[in-house]
Amino acid sequence: MRNATGPSPLLTAVLLAPGALWFLGLLVLPLGVVIVFSFGERAAVGGYQAAFVLDNYLNLPARWTAFKNTLVLAPIGTVVCLIAAYPLAYFLAVKARPETRTALLILVIVPFWTSFLIRTYAWMFILGGRGLPSLIEWAGLGEVRFINTPFAVLLGIVYAYLPLMIFPIYVSLEKLDKRLLEASEDLGASPWRGFMQVTLPLSAPGAVTACMLVFILLMGEYLIPQLLGGGKVFFIGNALVDLFLQSRNWPFGSAVAVSLVVIMLATVSVYMRFAGRIGGARDVSLV
Amino acid sequence: MNKRDFIHQLWRYKRGSISRRQFLGATGLGLASTVLATTMPELAGPRRAFAGELGDKVALTSWPSYHDENNFKAFTEQTGVNIELAVFGSNEEMMAKLQAGGTGWDVFVPTNYTIPDYVSQDLLEPLDTSLIPNFDASAYETRFTDAGTVDGKLYAISKDWGTTGYVINGGKITDPMATWKDFWDLSMTKYTGRSMVHDYQLTTIGNALKYYGYSFNSIDPKELADAEKLLLAAKPHLFGINSDYKPSLLSGDAWASVAWTGDALQLRRDMPDIRYILGQEGGEIWSDFYAVVKGAPHRAAGYALINFLTDPAVNAKEVLFHGYPTADSRTNALLPKELLEDPIMYPAAELLAPLEFGAAGLITNEARAEIMARFKSA
Amino acid sequence: MTAHGAANGTADIEFIDVSKHFGAIAAVDHVDFAIARGSFMSFLGPSGCGKTTSLRLIAGFEQPTTGDVRIAGTSMVGVPAYRRPVNMVFQHYALFPHFNVADNIAYGLRQRRPRPDRAEIARQVDATLDLVRLPGFHARRVWELSGGQQQRVALARALINRPTVLLLDEPLAALDRKLRRDMQIELQNLQREVGITFVLVTHDQEEALSMSDTIAIMRDGRVIQIGSPRTLYDAPANRYVAGFVGESNFFPGEVVAADERGATLKTAAGVVLSAPYPPGGATLVGTARGVIAVRPEMVAMWVGPDDPDGAAEFSCRLGGRVHNRIYLGDQTEYSVATDQFGDVLVRAAKASALEIGPGQEVRLGWRQASGLALVDS
């Protein structure tokens, strides 16, 4: 008689094959190509020429500003997003009445029904001279400029990534057992301290996941700095677009891309450790 | 909104807010219009009951706000061939795609100085003029058509030409401005935060070189170093580095920008105060061409399209739409007199004289690409 | 309605005409009671009867719509939960998953201002873990514990605060039967040991009967009867209480005669039965209908034709056929089909019952004094 403990190895292989091929074809292979390219040379007319040189990596400091802008604005954008998203997620998960909650959640998603580009164009108009600044001027509050400033980029980032930040936090808050808060209050903690000692730590894994998601996407962002930064706020993503589409220096572009991947991997590993620490916080005494 | 209205809106959107180079390709709207044309071919125009020997489609890669939609409709009605239009932001991007291969493009619109590089990379087909009966070489002003011929073979035929100067909002800037020196100096002082330059190394570096009186095409390291110094000094004073400069000028955020002929003309329709200035030191004069991609999947339809667009009556409608002058005297004969005397389209001879055509090799020049990258990331 | 069970001076908790409305629904409806200091009090009733709301009114998670809730003589109206001298053991324990056992237990002490020092907290945590018989469990994670262990941690987390009153919301519902029995005994011992008032909410009559000094039977937001388990069993205020505390055979009928001591009813089948009122019970004088309740263990069963000794005193004798038999350990329960009353439940000691099985023709009877004439509600 057949051993009934599990599916046959063949079936397992067949079921895993699409995923494995997908992974191999769309992730491993391109990454391999990029790594190979990163050691090549730029052909005279642009593109790639086979070689094995380290020049592209040695040349990385030429994009130092782009790295710096990204590594400064991406964390700031992430933190601002978090600060904006947490109260919203908290309201949705804890305070909103069940009847209104669904409607509000849909409102959070509604912007996704429109093209990201068109939404960003809307911001270009709002932040442009005929938008908000003219209102502020009309109100006699002085002359201001938003468009093509780091502020505009930050605003665009928060706008675009807020839903991505809200949902993981919402989920972690929503599944939080409300009786834990009653228990906290019953044991003498005021609502504020209950929030600090129960809600916040228990929603922290969701918040960290959301931050990770937003941070990694921000590291590759190029459209928002392009459109709302007017080409003056330059991210690594913009450097990559230029290297592949303008100067067509594929090997250098590949080296920049590989560095970006390395930075992201480093961030993720820090995240894993941090997430592990939060898991381990159960052992950390509060005394 | 039904599908037809949507397409109409999309066209208006593209025409109204987006300038010639650099932009659409990066944002994907060009791709969007291609996809729309592919997935909903009925929107591109009425379809013939049967497809003729030309097939039912042709892929054209061009620039934003560069073709009259009605001409495309007429072409489809005549031939049954639907045009899949993709618009790009820069010559560099077009070249990057063609180098990577597998584009499926038939006809595209390269600028004069890039053609030798395309030819040397074997990306263009030498044109069979027997398939373009509307083309009459003798009707063209040769200085705008020369670049289409490489090593005695015709690879591209002239579409239109133009200049690269700068526009200023005359309502805000009253200083007499006549030179590139004026542009850069005032951008860094009195009008700080109000000027824009292209996100395009050819014109941005070229016009920085003109500040010192160097050639627009210089690749001399010392001269390029000077240009870079100017660019880095100007960067904090610039409103933006963006080839999509029309919206910023229309909204009043920017008061001056490096600009192309047709955009200046289009801006003037909305802002009568706009002035278009060609620097007395010189600058760029350029011409755009139609070329057939080597191995074009719809080669016959591609030739038919070029032939159609070369028809003077059709070309005249194109000029009225995009606002760039043409080198074809037969077309000019059909255009209104005031257009032919417009100082933006046809600057005075003494302003035209010092202008330079972009030089072959600049598109692949690594030093200039790196200067541009350093300027943008500074 | 029962009046205050304890003199005001010795009551830990008093409800004075308390009502709690949720929208149009009165979850608690004009309730009065007092819980004596140091006693073990249970709220018993089906779900939705208002027992949990009453508990939450004491804990401070709800505020009364009208009336006054007092703890140790002080009005608690408007006082938030975190300022009340009571602690609760939640139905599913609500232990903090991000803390280990010791941190869970220490939580309440750490909220005190001024905060006790580290050594003092550690000492009390040790003592409380000993009290609930979980010594050395400090560093365990709560999700690693069994249901019974979690239960003890929840108890410890509440008891360490030395509350005036410990509230228990169906604390044993999640445990299996054997463990529940053990914990019931432990809770009783614990209550004697720490000497504070326990208030238990349960829908399990057996649990309430076995653990409590006092039981409040609730229905539809009202307290129907408060008393000791024995009082409730022997002297139920009405049919509802009799049905909820223990089992009974109910014979409803028309009141044909009633005086100050008892009543005579005529059932639908035309049988006339008499029974006294329970001690302190309401009379049926002037009432059209009533019910006579007979506990299953009060019904004698024998196989005819000869009546057993003393059968002459039985107020009622009738024949029937056993159609079901359930062993309950030391007792056996029979369901006997009769012409007059339908199914009658009989509970007999094991020894006397062995030879009677389903299908057997039997005779039943009970003394008049074994029945109770009750208000039929």
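Structure notes:
A, B and C label the chains in the order they appear, each numbered from 1.
Heads up, the rule we're going with is that contacts are C-beta pairs under 8 Å (C-beta built on N, C-alpha and C of every residue); 3 or more make two chains touch, one makes a residue touch a chain.
Small disclaimer: the values here were computed from a predicted structure and weren't measured.
The chain with its Cα centroid farthest from the Cα centroid of subunit C is B. The two chains most heavily joined by C-beta contacts are A-B. One inter-chain figure worth recording: subunit A and subunit C are separated by 56 Å, centre to centre, where each centre is the mean of the chain's CA atoms. Note on chain placement: the centre of subunit B and the centre of subunit C lie 88 Å apart, centres being C-alpha means. Each chain gets one centre point, the mean of its Cα atoms, and the points for subunit A and subunit B are 36 Å apart. Remark: subunit C residues 59-61, 80-83, 86-88, 90-92, 94-100, 102-103, 106-108, 110-112, 118, 121, 139, 141, 157-158, 161 touch subunit A in the complex.
Here subunit A touches subunit B in the complex through residues 42, 44-47, 62-63, 65-66, 69, 117, 121, 124-125, 128-131, 145, 147-148, 223, 226-227, 230-232, 234, 238-239, 241-249, going by the rule given at the top.
Remark: subunit A residues 177, 179-180, 182-191, 193, 197-198, 201-202, 281-283, 285-287 touch subunit C in the complex.
Residues 17, 25-29, 90, 92-93, 95-96, 99-100, 117, 120-121, 193, 196, 199, 201, 235, 238-242, 247-248, 251-253, 364, 366, 369-370, 372-374, 376-378 of subunit B are the ones touching subunit A in the complex.
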